[in-house]
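Structures incoming, each one as structure tokens.
You will see two complexes here that share subunit A, one where it goes with subunit B and one where it goes with subunit C.
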Partner chain A sequence: MSAFWVILRKDLVVEGRARDLLPSMAVLALLLLAMTGATGLRADAAPAILWITVAVAGSTGLVRSFHQETDQEQLHGLRLAAVDPAMIYLAKAAANFLIVAAVELIAWGAVTVFFDIAIPQRRASLAVVFLLGTGSLVAMGTLLGAMLAAARMREALLPMLLLPLSAPAVMAAAGATARLLSEAGGPVAGELRLLLAFTLLFVSVALLVFEHVIED
Partner chain B sequence: MSNAGPLLDIRAVSKSYGGRAVLRDVSLTGDAGRVLAILGPNGAGKSTLLRVAAGIARPERGEVRIGGRPVGEPAAQRQVGFAGHLSFLYGYLSAEENLRFYAQLYGLPAARAGEGLERFGLRSHRRRSVRELSRGLVQRLSLARALLHDPAVLLLDEPFTGLDAEASRIVRELIPERRRRGCAVVIATHAWAEARELADDAVVLVAGRPALREEAASLDGERVAEVYQTA
Partner chain C sequence: MILLVLAAAALPIGILLALLVAPVEAFQGEPYRILYIHVPSVVTAYLAFTVTFVASVAYLITRRARFDRLAAASAEVGQVFLTLVLLTGPIWGKPVWGAWWTWDARLTTALILWFIFAGYLMLRAWSGVQGARAAAVVAIIGFLDVPLIHWSAVMLRTLHPRPTVFRAEGPALPASMLVILLFNMAAFIVTYLVFLTVRVRQEAMRSEMGKAGTP
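Right after this comes the complex of A and B.
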């Protein structure tokens, strides 16, 4: 089994037992959606609210995703085993992707209730928007989580950095989701290209710098 | 692995943290079948030196070679076993799962995890999560992790700190056993008596520089204390 799968499996087992990320992110997302839903906002605001909620909940959770690699300097254990830093990053990002995607599923369910939204016809396109939107958020959030793992005010710093950096991706994802949910419809290829470019850019930057990020 | 020279070769290494020099032009070798003790008062740079030797901290100047290859190269890195103040273990995994995880990363058969548990008297604790284990048991498990891949260079940072009597006995047996197997063993300690008992060679580090080098058997407590005073 490659290091990628070994680390990904370990991360999911640890999250399954520690319940460190998913419950807190899901509860925060539900609270935000319930509060905004209760204000009587129209359904066409739902996509923007959904993606902002995911970005906020994600940023609070991703900051803790490296805690399990730093409280006993486990990252050094991985480096001693000569694990390629790129594999460490990709495995952590994949685990974070699955956790954030689970939060999105819960959030999507809440949005359909609080904003009375029907499941759209173009489900495959919507799935791609979610895939790439989550990919952009997680690619940058995982790198920032690693960079801030040892920082004193990491809980405050990660949202402050991730939210503006991911704003173009969040806006593109929200715009595409809105178009897919509206009766008028319209093409979303531009937003998908932008999201793909963001995901690839963030992953490329992370792969280039991650070795230095995890250095002592 | 090319192995004409020492197994561990630390050449003119300097390292600082936050502008404070922690290691200053340190050169040391760890030879096959010998135990080297790094002595020094708190803050002398012992732990940093071991971390640099293990390849988990990068020096600003100088280099470290393991079996002739630069540390950091996978082939060199996998020859190093390191047990330090922190365990590198995952609290939510069991003792056995932790060793299996590292065995998989090293490309070893899962059976090695069972052997490690057996060797360090942890078999009856194998299903307990690390966060439920006592400090002494975690220390034993950390040693089992460090030895899982049978490294040629073993680096132990204060290996007796926090150990119970049984674990101390295991470590006291382990060090000469590794020496007999031709490994280079380096122990960082502040206790000169431990160094004299277990090591062949000793280096006293003061303020990041080697201040005294001699055979461990001739170490004298008063002299070591005098060297410490120069810090």
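Right after this comes the complex of A and C.
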């Protein structure tokens, strides 16, 4: 278990010092939200815009999270240190989760302002949608980021794969968010189940195949 | 070779049966005949992606290049048939539903699946032999994603009611239509097998050439 914390801490320290991911993702998210707001979309489109924005901004960051492990062969080092590949995946995913969640918090703030959304009533359910939606994106994005770390054209490929592959999660998260923000309301248990199933399925697949993905 | 002859004969016969022999549908009139292309294309595309999924799992486990070539070839051909589905669907939808497109669960699933395999094919094109493992993983994830995409689309649709023109399927097809539909399905699947065989053979030759050092 300690390897998990070491890698997670290392990633957060690197991000804290280099600030490679968070600022560029956050600014891209703000820009996309400002553009959609400026072009006249109304509040009822906000949940969909929010989640698509997070997915797009996330995909630009997640592709780089593993690149920093390959540009100087650091992944080899981790493998030589006999770290369980599953731990590498989980630790990288946890670090990515924290970074994407931070981007998403900023995006939520911007959406509230730009689209003039009332302070939501059902905050607990919204928090669960937030966690599971982010978890789905990161579970998929971390696996893809690792697979594509050494690939040519990875910056173009990752969004093209992450966006359609995470489409069900984005659709469910946007649908649940819309319902939680609307006056009419309605249950979101179905969406939450889908997000949970999505996260569990692809974390399991990632743990199964991760060894194949990072070996040379 | 036998497959090629079969496909070359069955495809035009199937089209002629669909256009000349199949009876006119009572509600939809003539435009319904696109069914005989649309439905066999769907079946063939999903069959092809299933083959890609199975071959990708086999490749990850055994690491034998022939499974990788089979997965790649089947995905290519599957994508051609899925493109045909997405082109014939709106042509059929416009006269019958009154709309080119609707975000029905099956349409949404087919479209997103098309994007997933577009990404898959680009990954293969750009990363060559080294990308085989990554491609296998993408194929596996993409295939497992299909039920989730369908599920999420069904759920979203309950928020927005379906267009009234777009009703649930009517009764099962009468035999005169069903036989022709099944014939066309068989013809399309044989055509898929022809393309698949050709592409697998080409890729096998290419890798032989690579080994022999010829450019």
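Note that in this section the second predicted complex is superposed on the first by the 215 of 216 C-alpha atoms of A that agree within 3 Å, B and C clash if a C-alpha of one lies under 4 Å from a C-alpha of the other, contacts with A are read in each partner's own complex, and residues count from 1 in each chain.
One rule holds in what follows: a residue touches a chain if its C-beta (ideal position, glycine included) is under 8 Å from a C-beta of that chain, and two chains touch if they have at least 3 such contacts.
Predicted model, so just to flag it, every value in this text is computed and none were measured.
Visitor: Per the contact definition in the header, classify A:Gly37: touching subunit B only (first), subunit C only (second), both, or neither.
Guide: It touches nothing on subunit B or subunit C.
Visitor: According to the stated criteria, A:Gly61 is in contact with first (subunit B), second (subunit C), both, or neither; which is it?
Guide: neither
Visitor: Applying the touch criterion given at the start, work out whether A:Ala81 contacts subunit B, subunit C, both or neither, answering first, second, both or neither.
Guide: A:Ala81: touches subunit B, not subunit C.
Visitor: Once the structures are superposed on A, label A:Leu143 by its partner contacts, choosing first (subunit B), second (subunit C), both or neither.
Guide: second
Visitor: Can A:Ala3 be said to touch subunit B (first), subunit C (second), both, or neither?
Guide: first
Visitor: Between subunit B and subunit C, which one contacts more residues of subunit A in the superposed model?
Guide: C
Visitor: Touching A:Val13 in the superposition: subunit B (first), subunit C (second), both, neither?
Guide: Touch status of A:Val13: first partner only.
Visitor: For A:Gly133 in the superposed arrangement: first (subunit B), second (subunit C), both or neither?
Guide: A:Gly133 sits against neither subunit B nor subunit C.
Visitor: Output check: A:Pro47 vs subunit B and subunit C. Expected answer is one of first, second, both, neither. What do you get?
Guide: After superposition on chain A, A:Pro47 lies in contact with neither partner.
Visitor: Starting from the residues of subunit A touching subunit B, keep only those that also touch subunit C in the other complex, and list them.
Guide: none
Visitor: Touching residues of subunit B toward subunit A in the complex: what are they?
Guide: Against subunit A, subunit B makes touches at 51, 54-58, 74, 77-78, 80-82, 84, 86-93, 97, 101-102, 104-106, 129, 145, 149.
Visitor: For the complex, which residues does subunit C have touching subunit A?
Guide: Its residues touching subunit A are 60, 112-113, 115-116, 118-120, 122-123, 126-127, 130-131, 133-134, 137-138, 140-142, 144-145, 148-149, 151-153, 155-156, 159.
Visitor: In their shared complex, at which residues does subunit A touch subunit B?
Guide: Within the complex, subunit A touches subunit B at residues 1, 3, 6, 10, 13-14, 17-18, 68, 71-74, 76-83, 215-216.
Visitor: Can you list the residues on subunit A that touch subunit C in the complex?
Guide: 140, 143-144, 147-148, 150-153, 156-157, 160-161, 163-165, 167-169, 171-172, 175, 178-179, 190-191, 194, 197-198, 201-202, 205, 209, 212-213
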